[in-house]
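After this come two complexes, each holding subunit A, first together with subunit B and then together with subunit C.
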Partner chain A sequence: MTMTDSPPATDTAPAASSPAVAGLYDALTTTDHKRIGRFWLRSGLLLLIGAVVLGVLLGIEGTDAESTDLFGGDNAYFQMWALYRIGLALLVAAPLLVGLATVVVPLQVGSTNIAFPRAALASVWGFILGAGITVVAVLAGGGFGAVDRVTVDERDAIALTLVGLGFVILSLLLASICLATTVVSLRVKGMTLMRAPLFAWSVLVTCSVWLLTLPVLLANLLIAYVDLHNGPGTFGGDASGSLAIYGQIAWVVEQPQVYAFAIPVLGILGSIVPVSAGVRAARHGLSVGLIGLFGLIAIGAWSQPYFQNDGAIPHDEKFVFIAFGLAALLPVLGSMGGAGDTLRRGGDSIVGLPPAHLLGALGGGILLLLGAGAGALRVIEPLELGGSTDQVEGIGTLAVSGVASLVLLSVIVAAVGGFWFWASKIGGHELPPMLGRLALLGLIGGAVLLGGGQVVSGFFDTVNHPLAPPTEDAADALAVVSLIGAILIGLGALGVVASIGKAMRAGATADDDPWGGHTLEWATVDGVFTEAPAPVMSESPLLDDADHEGEES
Partner chain B sequence: MAATTTGLPSAEVTRPRTVLVATMFASAAAFMAFAGVLLVYINERAAADEWFPPGVIELGPAGFVFATMILSIFTVQWAVQAINNDDRVNTFVALALTGLFGAAVFNQLWFIINDTGFALAGSNAEFLFFVVNGVFAAFLISAVAFLTLTFLRALIGQFGPRKADGVAAAAFYWNTVVAMWSIAWYVVYVAK
Partner chain C sequence: MFTTGFKFFFGIGVGLVTAAMLYGYTSGGNWTGPVSLGWKEGVGEHIGYGILLLLGVVAMAIACTLVFFRDADPADQADYMGVDDIEPTQPVTGSFWPVVGAFGAATMAVGLVLNTAVFITGLVIVGVVAIEWMMDAWSDRATGDPEANRALRNRIMAPIEIPAAGAAAVAVVVLAASRILLNASKNGAVVVAGVLAVVILGIGFLAASDKKINRNLVAGLSVVLGVAILGGGVWATVDGEREFHEHEPHGEEDHADDGSTEDDHADDGSTEADHGEDEE
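Entry: the complex of A and B
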């Protein structure tokens, strides 16, 4: 029985072609999920480098916005600021996660390939096209609206930005359908959803949440686009104005929706920690439930301005918003507690410095905990940390961006941890452990400084707008802290890229199971199942095999 | 290492209905996109002092669309039943009839939009009326295209009683589009 509706791929180009043509042919026709996943990962890493450079420039501008003008005007500054915020989620975190999932999830569920590999390939090329259009359009004077009047050309560039982001979202939705279908339909016999590896389960939950919420963002973009061309000008069609268009679509990077990108952080944590500790995961069923709960809480399309027309109660003071803000902390705390318990039970297995993948998994978890904690503090009304309504009405304080930074950087840190963990499955090369530790420390430290600085500054009522003047003296100092954080993140990202480059140059192949893994992907040889996996009896099938062999001997 | 997983023995799977499962996910996404547009319409209408003047939007033509869509549920399920019974003639007739209903609905929508005399750049109400109907028309076209593809695949013998997933998937997506219009019909044309 074939796993998908695709014929077996040959992955060979026409024999008479030159290597360049053959390579291009191969890239455009491959149906190997590992190659498709690597396309996603390369795109995500390239865009990560672009994002960290932009982050440093924005940090420099943010320390002295009145006298510094790196971007050439208020419009350009605002548009780059908005691109950074939206881009960190949709152009960096999302492709890194989708790439990791495309490589790992089919193997984890015991399948030889992803469902609909041609659609998966189309999704990655669609993403590359969409991301390219978005970035070029912003560089050409477009963006998600503007603060001052715009020319006709700039207006066209704004429309092009919306088209580019639309392509990105459609591609992510297509990839989500492929991944979710893989987990639902292509699991090996005996693998119920309760026995599915936590990363695969978290990917299913993430894709489901994306499929329910990102189409709503697509609807927002469509309305703004049509209004921009022929509409009455009240749905972002005017293009100029304090938060035109960006103000409408920013819900995707604000709580609770921003948590939708971080669901796999809990899955990565749940996959890496038991293997590092050398024991079965503590309360696997509870972890499954917590990830599902986090997914439910992350459905946040309802919180967008278009749906908040009652006007009687400010958005941030609504019961549902407060409840979601507080509830998000529960699954993250529970998952971190479970990871801590697992590590305690298998503490003897970790000798010396923690491996890079464990550092990434725990660092991602801690950053997510900080983000969810800051998000919870922000919604507790008596603390008055959400900002006084007069100042921040419709915009929020910088804490909104701080929570988003912490959450999205937790995704990047956990994904990098995932690269080191599943390196033998992704590219077949072992990644340098020490450089990995240093890179991850840079990313984690930078994330704490950048996100933490923004959160604390927000708690001092600094408005979440690049052109708003700081309201407290402390805000200037915190802007410097955030800049240092952005620089550290940049160094960490460079360390990740350097590690991968070094591993590829060295060319040394990694062991098929360097960590003593518990789930089916570690039973593959060179990332390939040499025989059909036996029916699965628990969430750690390879430990079952080991236990069985132990009993027999 | 450039090993590929293709062409190797595949693992045993428990639920191979990939096309139907993927269509369910895609249908959910399509429904949420339409819901996103419709909720903007509802919220703008709730916030506005005045929406459409009485008599501008007529219930009759939209009601015919609704009735046609309800009728199409029976024909598309007829196709699913027929393919499960290996009754190819009835499958073709049912799929063709459903596609025909789709074309009729598109024609009726075209009439409704022209009949109102609205302008895209008019009021918020007129703009959103266009967007809701336009987005629905786009999903309707995609559903008819899906049915056409299914019809052609059935014609060359790709579906049968043991492989009826493709027809069931097309029917599921069609029913999702019917659900979209059912809600839009009530929200836009009945509740006004």
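Entry: the complex of A and C
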């Protein structure tokens, strides 16, 4: 018996693919990172469909400021509005990213599996149960507060919502530990962090930011929970009204924290563009630095308007908030510039329509750029785009939601691009390219209309609360624009699901390396390393091999 | 030789203990209080002092563990054991415990809001999962041979698991059966109890009387019976107990010593007159 650990055997087959283990037992006990990742992705896609349906309903309701008939009352309308905003980040964008990372990152760093695979399995089931509890609790009359005051009847359902969301956060934290540990400690020999694939690096940065900031959100939920049960003000919060709970946790979907969900967009961009262009990435080291910088700027748990608006200077006029708002634009611009340079150098390799994965990567990058740009505009005080009326103090204008929509939809678009790029590693099937392009165009166009409409409406001082009356006539027209955007997003999401369904029905197996990839995941056969990866000498090890073979011949 | 992990955690431990001392002195502690852990005079603000000191001690304990296990470094381990190379561990095997743990934690979460009994049930599940998961994680890495690992794990855990699982199963069956009996009518409860006893006796007789009997048949019958009792118990719990009536006093002398306090008049159709006849 050994007393200490030793490295895993160079076993090229994942543990759970043993023929003795099958069916339901396998699904419930698997330690294969690809299966666990697929659980995350399926959950994320299911919740995405729910979110787009809710988004369309909210869009319809938003066009009629006079009534809230669609949801059966102000309270239900507010609860669904809050669920959509929080859910888009924590219940849709996060699981899609975690799922993609769980499948791809171990392979990118040359590992046969994710670190702590059992914990990874527990995290996905925890997420599924937590998300289920949250959604059911909101549908049962819970949510993140009530429009007037929380009644006794609503209290249990609201408490259940808080507990469910807390469970979701714990699961995301557990998954983050697994992913971060994979990148830190399971990299193949020679792969320094500077040589790690950009997606893997971005996942490490994202997980680190989540591990630093999401526990603060957990603490916010705890405060709200205690206040809910023991009376308002027990821990400083006031759980009696609509903004009392949502206001305490809304910072997670506002700048700068909302960028914490979008860090992998830069990683996906940095992984897909060089492969599509057929050249090495321009200034890989700079891209690594920019992603790291974006991660630093995305640490936003300090920015909590609910608790910080009691001073002489409003929260969004404080120097640090303005500095972070402006600085966020820099890494996104830099990464997009790098992607553009890489595409320019390898422009000849893209003939005809761009592939769906490139569309997703670039679309995600552009949406993130728009979101960060709108966020930067919002904090430039002389422009007075952050709200000039007293009504918006402490709440902000609809531009806050617009920035969040653009950023979070950039994550979804980039993740969908990632599905098409790494399809052979995720499910082993090639996804239909044309349907993919159409779906992505729907998602990108819808995101621009939805997020853009909200941002512009916010610049007209529309208040970031569903029941606040519009302050300008233009707000009504922009609400219609946002509704059209929500419908387009819905069509795009349906296109994604239809593509996956079509690919699974067709059953055609994808090539192991259909794009001529540069990083180690493309050296696997059916997602498994047939031999231990050789020591890595650069950020594009497969190009090194190709160069070496070329020199020999 | 001190390992890197030892140096890291021991350094943190020393820092935290020093911080505890400083905090103790600066928050009103006496000269001998913080260094004597409060044995001689006060330590100042005792909560902060206690937390810092505890964290420091834990960090030092981790440091000692790491140096004992040579930072889990295979090369060091091989050197220590005097062998050329350590047999590589096998990939982590599948396990139900992560899923059960997630359900247990979800049960706790729901119970926290809705019902204390549900919360405690979740807590028990999570506790069991913690122990089982820990043992699995240890046994997976015990040797390079999965069979030997499994045998090792079972040797330690089977003497605990089998009696605990048996006791839990008996408790569940007793609880479920009691719910069924309380739900059934007075005569029905007698019939259910009788049938249950006969079936259990029959299965026991089958198992004991013929050595050639198919074990799967006995196991299958037991599972079917168990599921039936459990399902019946859940249904009976949801449906509620039958209605119990206090006896109307016919006369103090008649009922003074019969001890009966409840009966089921609704289901068995008995009347006061019947009772009178029975008693006669």
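As a working rule, the second predicted complex is superposed on the first by the 509 of 553 C-alpha atoms of A that agree within 3 Å, B and C clash if a C-alpha of one lies under 4 Å from a C-alpha of the other, contacts with A are read in each partner's own complex, and residues count from 1 in each chain.
Everything below uses one rule, namely that contacts are C-beta pairs under 8 Å (C-beta built on N, C-alpha and C of every residue); 3 or more make two chains touch, one makes a residue touch a chain.
Predicted, not measured: the structure shown is a model, and the values here were computed from it.
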{"item": "Subunit B versus subunit C as contact partner of A:Thr31, first or second or both or neither", "value": "both"}
{"item": "Subunit B versus subunit C as contact partner of A:Asp156, first or second or both or neither", "value": "second"}
{"item": "Subunit B versus subunit C as contact partner of A:Gly126, first or second or both or neither", "value": "second"}
{"item": "Touching partner for A:Thr112 - first (subunit B), second (subunit C), both, neither", "value": "both"}
{"item": "Which superposed partner A:Asp476 touches (first subunit B, second subunit C, both, neither)", "value": "neither"}
{"item": "Partner chain in contact with A:Gly166 - subunit B first, subunit C second, else both or neither", "value": "second"}
{"item": "Which partner, subunit B or subunit C, touches more subunit A residues", "value": "B"}
{"item": "Touching partner for A:Lys189 - first (subunit B), second (subunit C), both, neither", "value": "first"}
{"item": "Footprint overlap on subunit A, comparing subunit B with subunit C", "value": "1-5, 8-11, 31, 112-113"}
{"item": "In the complex with subunit A, residue positions of subunit C that touch it", "value": "69-74, 76-77, 81, 86-99, 101-103, 105-106, 109-110, 112-114, 133, 136-137, 141-144, 152"}
{"item": "Subunit A to subunit B touching residues, read off their complex", "value": "1-5, 8-11, 31-35, 106, 110-113, 115-116, 173, 176-178, 180-181, 184-191, 207-208, 211-220, 222-223, 226-227, 230-232, 234-235, 301, 306-311, 427-429, 509, 526-533, 535"}
{"item": "In the complex, subunit A residues that touch subunit C", "value": "1-11, 14-16, 21, 25-26, 28-31, 112-113, 117-119, 121-122, 125-126, 128-130, 133, 156, 159-160, 163-164, 166-167, 170-171"}
{"item": "Subunit A contact footprint on subunit B (complex, rising order)", "value": "1-19, 21-22, 25-26, 28-30, 32-37, 39-40, 43-44, 46-47, 120-124, 126-127, 130-131, 135"}
